[in-house]
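The following blocks contain the structures, represented as structure tokens.
The same chain A turns up in both complexes below, where it pairs with chain B and then with chain C.
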Partner chain A sequence: MRDGVPSTSAQSALRRLRRRPEAWLLAVILIVGTIFSLTARDFLSLPNIIDLLETYSVQAIMAMGLFVVLVSGGIDISFAATASVAQYCAALLASQLGLPAPLVILAGLAVGGILGCLNALLIHYVRITSIIATIAMMSVSFSLLMYFSGGKSIYTLPDWWTDRIVFWQTETESGDLVRITLPIVAMVVVTLFTWAWMTRSSAGRQLYAMGGNAEAARRIGINIGRLQFVAYGYLGLMAAIAGMLQAHRVGESVPNAMYNTELAVLSAAVLGGASLTGGIGTVPGVLLGIVLLAILQNGLNLLGVSSYFFQIVIGITILASTSLTVISSRRGRRHRILAEAPANG
Partner chain B sequence: MTDIVPFLRLSNVSKNFVGVRALQDIDWEVRPGEIHCLVGENGCGKSTLIKIVAGVHAPTSGTIEIGGQEVLPLDPAKAKALGIQVIFQDLSLFPNLSVAENIAIDDTLQNMLMPVNKAAMRKTTRAVLERLAFDLDLDAAVSDLSVAERQIVAIARGLAAEARLIFMDEPTASLTRAEVDRLLAIVSRLKADGIAVVFVSHRLDEVVEIAERVTVMRDGRKVGTWPVGEVDQKKIANLMTGLHIDNSIVARDMSSAEPVLEVKNLTRHGEFADIDFTLRRGEVLGIVGLLGSGRTELALALFGMHRVDSGTMALEGQPLTLRSNRDAVRAGIAYVSEDRLGLGVILPQSIGDNIMLAVMKSMTNGLGLIPDKSRKKLAGDWVQRLAIKVPSADRAVQTLSGGNQQRVVLAKWLATKPKVLILDSPTVGVDIKNKQGIYEVVTDLARQGVGIILISDEVSEVFATCDRVLHMRGGRILEEEVPGRVSEHEMEERIYA
Partner chain C sequence: MADLTNNLNSGLSELMSRLRSGVPGGHAGLMALLIILVLGFSVFVPNFASVGTLQSFMYQLPLLGLLSLAMMAPLLTGGLNLAIIATTNQSALLMAFIMRTMITPESSAGTTGTVILLALVAGLALCLLIGLATGMLIAYTGVHPILITLGTKSLIDGISIYLTRGMALSGVPEAFARTGAATVIGIPLVFVLLVIVALIVSIVLRRTPFGIACAMIGSNIEATRYSAIDTRRVLVGVYTMSSLICFFAALVMLATFNSASADYAQSYLLVTILAAVLGGVDPFGGFGTVGGLMLALAILQVISSGFNQFGLSNYLTVAIWGGILIFVAMAQTMRPYLAGLLPPRGGSPK
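On to the complex of A and B.
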């Protein structure tokens, strides 16, 4: 009606779909995937795909937490540092004190959750802008970790932590072993939970409302402070899970192993359509963002391209995707005035 | 009438903020199902009054009764539970959420761990929209709706929360006449359901048209409440200001003056098309139109901020191409923005520094520095010429009142000695007394030979200052009029038609 063109519901559904970043992202993934599968022989093989899933499960779990913070209208740079701290604390408890698994895991989660809540505290009560608060927190917690650990890795993780947990496995015709392992299952569970929680629960919808218009949310009686703690606390928990899974995958705890992953995770979320101004984004979108990054890195690896080139590709993809969003919304705004003009003019 | 129990009754309500008496001894009633208008100038205490009833502020003294029950102390949640809803001017909607999620937002406010029942939300929404006899796509994002539709969503949200009394703050500010009529039809439906509506407005014509009773406030006190038949627009205006406002017409015939700015077929796709006009030396040319008519977009193009797609401009007979606003400033075009605070001044800086901003280059000495003496002189001159009320030009602009801030912006551009001055809604947020002052400055400047384009959606403002008026709608100029040849009322009818 506003476009001045009578449209069928199929047309409007198509138009809605075209406006969704997820649809564009899926198209890009298909194109990039096709190119790689034609040029790199192993790319589309089942073992490669499963391997890719496992490699990116840690980042995907952090991305789910970050997604919640982005929807709430904030941003967090400190989660990779949080993950490292939680991982190292848990590793210390397990290797030095020999605590049992449930206690170690709980302690790791607690460290992540507390660091997340500390961010929320700084942002909500001290009123520091989220990007500043979390950059500072990243600096503090990572430096504390390096100081107290002396940069030393912990190689003596208990078996319950480092043993592979295989949920399902099969052998391909070519003799490769394909295994669905704990990180993959954890990623699936976290993704499904985050998706259901954000779309179906009161808290999820309140987070979207707060990200869309914080002042209106406050006026309508939404408890902004509590939601900040929910969002940053959730990201802290996800970071802790990701951190402990990372140690599980590599079999040791290296203090700076996850340093610098925050940018890749943030890129994936933004690529997937999560808005840095809040209120907009979906779990499938963020997942697709991760998939695109994974495909790019893996495909370029298989083609033997330098890893610096991958960083360039990440940067360019972010620039391109964000400018596309801005340009298309600007065009939409422009066409509104004249479209409503009287026909005689 | 006396036997009706008022839905809301305030007795002796006062509110002091630190050092300021915002409200003083207010006695006020709203009856069930009544349409009531609350009018007053900016800063008269209207918003404070609303916020007290909505539970945002606690009154310093006095009592509030709702349905005959004393309700103090009040908080926002309690006020809402008692049926008080406030629709703020910005509507407070969630642009990223769907219509249904906005209207039934209360359903998501329960226990955080509870799942949201989307079917129930849709049912609530449908029932409410049915009551309003209004059709909307429940799944459309609110950011895709027109302003009028958003307003309906805000009202529907109030209804979904079982409102008994709805405050609407400036509900018609950006609506067309047809949309205002539709809104009024909805308000009368609410009335039939026994829901009271209090309009807060500064558009006096509407007040007279829809309200049953009018309450006028001034300087934190209630001047009085009258049935609408007993007061007319002029009387209300006088009660609001305590002054007699003289809206005499100043239009002069300037057609023999030399042209300053000639615009032909100016077009920017999607924003405005085929704009033709000639501005003459010393002339005040008004451009009126609603928000979204393309008036501000045109102004930005004339100032070089947006490029045009086709058409020509000429300044004093010389062809003019603007690639940026620097080109415009160099050519002698100045622009005072609608968003005075956002775009016009740097609030924490001093008056002098702000005025100097656009002429800095011409003030530098051989070393590229700006001598303090010439800075002081410039600031002092303009403070005096524009009668900015301030003890010293070193004061930060944010310490000034709205009207005086607007004068600082004016001074900043006038210091560039412009040939053309574009004023976009110069009196938004300025009270009536200060408005008069700004009108005087505008007419004064025109007498000195500056060509002025004044963009506004207030017809009375244009009539009080302009020689000619262009009416814009949908990105085009519909007609040209001379104030006095048509009446203010006629012009308003056409604009809001």
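On to the complex of A and C.
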């Protein structure tokens, strides 16, 4: 209310847009993209973009799961460990016991889902703060994985797992082969599903309500406990999918391959406007966060900038973009949430 | 009226005592756990109860201890400093670099001493700078500390990795390394350093207006601001303090490893949070004591040393650390139910 009633609808639309973190992020991506496409010749080429999509599909899928947990007002640090455990268990079943594909995939998903639900159990029933519970779970599950696996990788994955699955392919004029492969399709499916689920289903809307104000949500009859299991279980499933896809991409299962990716995924999600306090965030925003990190890394690589330099850029990006979005949306944030429903749509 | 004032006074003093002592009754449980662990290991692990174990314990504890102290100060205000390891590593790298480039084998004892002093001052200045910058970013943008420190961690790590190309810097002068390994009446110097820093932090957090303000911010930052406390200045102070503790951690790191690198001790980051929470620091801020933290650290280190001597893998130790944290958190949740079964002890209800 502080900034008065907008005089025209165009002005108000512009103002609304300015307050959405996604708009800022998109602007930054466009600027960075333009700079790279002018300076790095291959940046905008189809093969490069497809390659980029495939490289970041694993992180994007995990980010979708993390996004759901963030919206519900929690946080999870353990998903990278969950992904490794699910991947390794599935790989063991496939290579040692020679189980058929559907069983192995089901088992992997089950491991991920169970680990996620275990988090929810600790958070909801034992009432441990989510960050602490998931840090503890991460230590336990990852360390046990390293202990029992002895850090040994599994190279003998069956063919159905490691063979590339190509959905569509074409050849560019320059003779490069462009292929839409399974990880990309999986990422698109997961993203679309998460978006539809969070915006069009009652469970999704209840998750937003819970993240916004858990007590208020409880009083209007939302089952908080069930939603905790839904959110963390969903992240567990996504982590398992991401873990198995990662093994599919590299053709082997390395127990600590995904270790330490949790902070990168978390920064992508919050770059995209998912609030750490819950209730705020959108699927397109999170996706844009991933895209920004991806094109930064890729563009700098193509420009021949040392890969050692990359982390500096990430740090500056996180600092600049979070500060900018907070400062730009600080005015009238409450007003926006109350008055304009699409803020989380 | 007199009643009201009395009530108010007793309420206030109770609040102050709670602010000063952290979660009531938490230490007894930790102490019991520690004693059980020590006794258990002494019985089951041969040679556990020996001077050698105690000494290795005192050599291993300081690094994790100092880092946990650095994590605890922001945790008390309801924040988090994910950049502590990065800060420590960069400070150690800077000191190692100065000592390595400016000391040649021919330099006299005098110049060596001056250079070491210069290196220490530079390392301290770097930590001060990082702390001030982090604190100001957090206090003046209002962005969640997890995000800011995630950014500063990336940035600091990035700079360290870029400048060193991921290599370790060795070549710490003999004099420095010898001091690091020195003992005072059998107690390693690094352990003495930990005790001194812990005492200072404890006094600052419990006995100064600044420390009380930290705990108040952790409980309710808005209410603190309305109590005419400059919360921004306190926040800058907390992150500066956290960063300065990292300087001492860097000293310990240089002294024990005799080298510095951008990726030393990275796995300690989450362990420090684990230790702080295990020691009764409320992750939402407001409550926690240095004493509790030290007890928790002792428990973690005893488990680690015990299992090491037992011949178990390091990974299993970390898994058990995580399990202990879950167990303690469960015990804290269950306490109200258990308290209902036991006769009341007259403590303040929590």
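The criterion applied here is as follows: the second predicted complex is superposed on the first by the 320 of 345 C-alpha atoms of A that agree within 3 Å, B and C clash if a C-alpha of one lies under 4 Å from a C-alpha of the other, contacts with A are read in each partner's own complex, and residues count from 1 in each chain.
The rule we apply is simple: a residue touches a chain if its C-beta (ideal position, glycine included) is under 8 Å from a C-beta of that chain, and two chains touch if they have at least 3 such contacts.
Since we're looking at a predicted model, the values are computed, not measured.
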First (chain B), second (chain C), both or neither: which does A:V126 touch? second
Could you figure out whether chain B or chain C reaches more residues of chain A? C
Mind working out whether A:Y147 is in touch with chain B, chain C, both or neither, as first, second, both or neither? second
By the touch definition at the top of the document, which applies to A:Q206: first (chain B), second (chain C), both, or neither? first
Going by the contact rule set out at the top, does A:L30 touch chain B (first), chain C (second), both, or neither? neither
Let me test your reading of the model: by the given contact rule, A:L97 touches which partner, first (chain B), second (chain C), both or neither? neither
Touching A:L192, do we find chain B (first), chain C (second), both, or neither? neither
Would you sort A:I280 into first (chain B), second (chain C), both or neither based on which partner it touches? first
Quick one: is A:E215 in contact with chain B, with chain C, with both, or with neither? Answer first, second, both or neither. first
Where chain B and chain C land on the same part of chain A: residues none
Residues on chain B engaged by chain A in the complex (per definition of touch): 76-77, 80, 86, 88, 90-97, 101, 105-106, 108-116, 118, 144, 146, 269-274, 292-294, 297, 473-476
Touching residues of chain A toward chain B in the complex: what are they? 2, 200-206, 208-209, 211-213, 215-217, 219-222, 226, 230, 279-280, 331, 334-342, 345
Touching chain C in the complex: which residues of chain A? 77, 122, 126-129, 131-133, 135-140, 142-144, 146-147, 260, 263, 266-267, 270, 276-277, 306, 308-319, 322-323, 326-327, 330
Under the stated contact criterion, what part of chain C meets chain A in this complex? 82, 137, 141-144, 146-148, 150-159, 161-162, 165-166, 266, 270-271, 273-274, 277, 283-284, 313, 315-319, 321-323, 325-326, 329-330, 333
